[in-house]
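Chain IDs A, B, C and D follow the sequence of writing; residue 1 opens each chain.
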Amino acid sequence: MESKKGHSKPGEFKPIDLLACAAAREVKDGEIVFAGTGLPMLAIMVAQHTQAPTAVCIYESGSIDGRPIDLPTSVADARCSYQAAVGDGLTDVFGQLQSGKVDLAYLGGAEVDLYGNVNCTFMGGPTGKRLTGSGGNSDIHSLAKRSVLIMPQFGQKRRFVERVSYITSPGWKIPHWPDKEWVPKQEVYGSAFNGGPAAVISDMGVYRFDAKGEMYLDTVHPGFTPEECRENCSFDLNNF
Amino acid sequence: MARPKIVSLTEAVGQIKDGDMLTFGGFTVWRRPMAAIYELIRQKKRNLHLVEVNGGTHDDMLVGAGCVGIWESSWCGHELYGKFGSNLARKIEKGEILYEDWAHIHILNRLTAGSKGLPFLPTYSAMGCDMLNPENDNLGKAGLRDGSNPHIGKLKYAMYQEPFTNSEIVLVPAANPDWCITHVQMVGAEGTVRVDGLKFSDQEVIKASKHNIIIAEQVVPEEYLRREPTRNMIGGYLVDYIVEQPWGAHPTGLYGVHEPDGEFISNFFKATRTQEGFDQWAEEWIFGVKDFQEYLSKLGITRLESLKANPALGYSSTMKRGSR
Amino acid sequence: MARPKIVSLTEAVGQIKDGDMLTFGGFTVWRRPMAAIYELIRQKKRNLHLVEVNGGTHDDMLVGAGCVGIWESSWCGHELYGKFGSNLARKIEKGEILYEDWAHIHILNRLTAGSKGLPFLPTYSAMGCDMLNPENDNLGKAGLRDGSNPHIGKLKYAMYQEPFTNSEIVLVPAANPDWCITHVQMVGAEGTVRVDGLKFSDQEVIKASKHNIIIAEQVVPEEYLRREPTRNMIGGYLVDYIVEQPWGAHPTGLYGVHEPDGEFISNFFKATRTQEGFDQWAEEWIFGVKDFQEYLSKLGITRLESLKANPALGYSSTMKRGSR
Amino acid sequence: MESKKGHSKPGEFKPIDLLACAAAREVKDGEIVFAGTGLPMLAIMVAQHTQAPTAVCIYESGSIDGRPIDLPTSVADARCSYQAAVGDGLTDVFGQLQSGKVDLAYLGGAEVDLYGNVNCTFMGGPTGKRLTGSGGNSDIHSLAKRSVLIMPQFGQKRRFVERVSYITSPGWKIPHWPDKEWVPKQEVYGSAFNGGPAAVISDMGVYRFDAKGEMYLDTVHPGFTPEECRENCSFDLNNF
């Protein structure tokens, strides 16, 4: 599978390119998009240069609707703020997020589960391997109308699990504290419910969520089969 | 209230006591008061309680040096230059540090509440997530919510069925650090603070803190900053100490002035996967130099110049993502 | 979401319906969207529900013209140019208008909560004061807290014994106006909003509102405003309609552009001590002119020029306090 | 009493000048002062030009530490912001007020009572004559460490009353809602108690508050007698 790594030549594409393009397609023109660092940032920039030229990108550092001419290294990079409409701070953008103004959020994560819960804090729970922690991942998943998770999958089966070992960000079914009962997100968020995970886009395919809030394989990228997708998933992808 | 004093970094950092609660201006690997971080380590501060909107290279460094007793934040990493804070990760995994995880809005709200004299602020963020799992109230489990520490409240958070729309909402308690250290582009001789570029959560963390140290690339005449009051963030009456220290944010980035030193941070990340690695790194870059000026000399003018921002862009036009 | 439309004042104001909840940018007699106020009166809007951080000449004018059903704010007056809002005062005294009085922080918090998607915000302000006297819950006494009006909650406020420090604190409910109308110095062709001078509570009221009309002295190329994102307040995606209307804040003041027209406001105050006085005044200055442009012609270039700000100061160097 | 009105000639002073100077004396150097429009604004400017050059003045419009060279017409006047340290908005300055950073507040009012409660909403209560309403008067009195009220008194006895007809701003003794019991301010504000009215400065004298929170005449301005002060007060100024 070495040919699936590295940079593509003109006229060719690699799974990572497909991943970015598939992710970019989730954006509708004019939408307000909240993007995280890395591949999400690339995807929204692809979208703005293709079918969604008036999509507005908000970064959690406080930069709003930048028109970068160079690829930023992180959400606080000055490259994000080039020709931005507003450059303020966290109180501004998280307030807008919470007030329901964000149509779509693009995020990454270390682990995702059947319900779209995301883990980027501990692999294996609080006694396991420590990662960065939430940053805005949790806030954005909690409060955006739709969220799209971009995840590498090929050869990384442990990233697609039945239950994440630590819930950093909420999917469609979550525990209600303190009683720990697992209930639909709507029940926990009540009037503050804006939506939830719309898709998980991997280097192998695009996954969506059914009416029960459970993940299914929607489309398979060229070069992969549904069986390969199933093999690279730790839970039983039985809905396709 | 006296006007702020312009002092040396050694003197300013010398005011901070073991056990104090600290926060910092900036965001991940941007505009962090690194000169002060090195000095805190040199002065061997112990048992600091960090409460940060988000962490980065700076707090992972303090943790590696054994300065930190309690870490509370939403994140610790090095952005593109290192996947996570390896000192913090190692100490958490080994149970060598107390920590509380928060969502970004939670911890922002805690400091914002502190800045406004409020006991709490509400948010809908991260309901149903493990930061709010009662089993993950680590300070509570450690018996520290008994009122003995003025910086640790009796509750990590509270759920509240509010009476206006009957929704359940998360209330997070105010945080008021003893100190906030912020690196900025300019400060006036009487302490007026100007931040260029994104403000992140500086205004909130500065106002939440009992004492403030402002480290500036340049101290400028007050009158110059006061020509445009709307571009300034903070009046001098909130500032205790001013330190002038060019390049004081290195290796983190400073909008309009210089890029993060990605190679430096990346090397730090790689070196600090073990405690021995951190100790060697610290020996070279912190204890092995007399002060921050010697650190800059060790880095050398060529390296520093290569990080400089292009004034038309606010960033370097020669440095590309992923390139070194 | 479509980009904002650049339209005429008549078209923008024409979108507002009788009974809508409105708020405005600005502060007392500064940077008020007066051209829109005159147009609201000309279009004979009725039963508007004003929710304002503070009032001024503009809302007293709307009240005098019979456009307002409910007034909620902390203040109404003309600063130095008239001791109080005489139309509002008369209608309150005669029981001809519904009103709720708030402290400044209360009503600021109500709109800030609205801007952040929160059901309430807390404050310690004005505890023990008559704005919080249950007997002064005027909307409640009028039977309007029954859920029939989406802008009127079931509680004016709630006292809360919070669990962190066990203090009693006031919770005020969010307000989300249907419309906010704001006059600013500059807007980009795609809707990026820049306010020069003090921001007052514009950011909060704009974000709290479902729809926004921005009236600008000048529409400028987007690219110009985007050179300095940190000086801008709001992205175009929050703006529904843009109107270009130079002098559109007259007779209130506009930082860096012109002074308030104190004589004009003072004459308004004197004329409007009676309803007949208001009606005559409105006949001359509102209904007696076709539109705002004719109003400006009636004022005349000499009068307007005399109000112009000195660019070095942000205000007129020839106009002294109390002088006319 | 015509000579007590109008502008003073050099070497002379009128009661209104005395009032401004007496008020200015309340400021200690380096204090953070929150000032309202009108005479309070004049008083703080006098203080800054005399004994309190490093006092910082905050206006509720968002202007901080201005160095005006012309007298402003109101707190939002550009004259307030000339050479200011910061020019932001209400969220900033009211947040600082609530966090206890304001040492001294200067305000006016239409009516003041024995406990220092202030009325600027209704003369005669909600069925009486309507005034401007609170503005920031209430917030500032509620939350500043000390507040100084500047009030005309001579010939305006109805401004100094036993109980204000509407409590816009809290003095030392206030009702506790909803039970209406009058209690010390400390009891209502609890841990948020920062202080209360320190002085009422009129054109006739300076009044302060005793341990019970009741007003007494502290000093009489030249040209007036304690008896005249008593005559121009509606309640029994029995503490002097």
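Everything that follows uses one rule, which is that a residue touches a chain if its C-beta (ideal position, glycine included) is under 8 Å from a C-beta of that chain, and two chains touch if they have at least 3 such contacts.
Chain labels with UniProt names: A, D = Glutaconate CoA-transferase subunit B; B, C = Glutaconate CoA-transferase subunit A.
Here the structure is a predicted model, which is why all the values come from computation and not from measurement.
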| item | value |
| --- | --- |
| For subunit A and subunit B, chains touching each | C |
| Shortest chain-hopping distance from subunit A out to subunit D | 2 |
| Selected pair, greater C-beta contact count between A-C and C-D | C-D |
| Between subunit C and subunit D, centroid-to-centroid distance (C-alpha), Å | 27 |
| Subunit B-subunit D separation of Cα centroids, rounded to whole Å | 40 |
| Shared-contact residues (touching 2 or more other chains) in subunit A | 63, 81, 87-88, 98, 143, 191-192 |
| Multi-partner residues of subunit B (each touching 2 or more other chains) | 117-119, 123-124, 165, 167, 169, 197-199, 203, 230 |
| Chain contact graph, described as a line, ring, star, complete graph or other shape | other |
| Pairs of chains in contact (touch as defined earlier), listed by label | A-B, A-C, B-C, B-D, C-D |
| Partner subunit A, residues of subunit B touching it in the complex | 27-30, 53-54, 73-77, 79-80, 83-85, 88-90, 92-93, 101-105, 108, 112, 123-134, 136, 159, 165-169, 197-204, 253, 255-256, 260, 262, 309, 313-315, 317, 320-321 |
| List of subunit D residues in touch with subunit C within their complex | 37-38, 60-63, 70-79, 81-82, 87-91, 94, 98, 121, 126, 128-136, 138-139, 142-143, 166-170, 174-178, 185, 188-192 |
| Interfacial residue positions of subunit B with respect to subunit D in the complex | 1-3, 114-119, 188, 190, 192, 203, 207, 223, 225-227, 229-230, 232-238 |
| Contact set on subunit D toward subunit B in their complex | 30-32, 54, 56, 63-67, 81, 83-88, 92, 95-96, 98-101, 103, 143, 191-192 |
| Touch list for subunit B against partner subunit C, complex | 117-124, 153-155, 158, 162-165, 167, 169, 171, 173-174, 196-199, 230-231 |
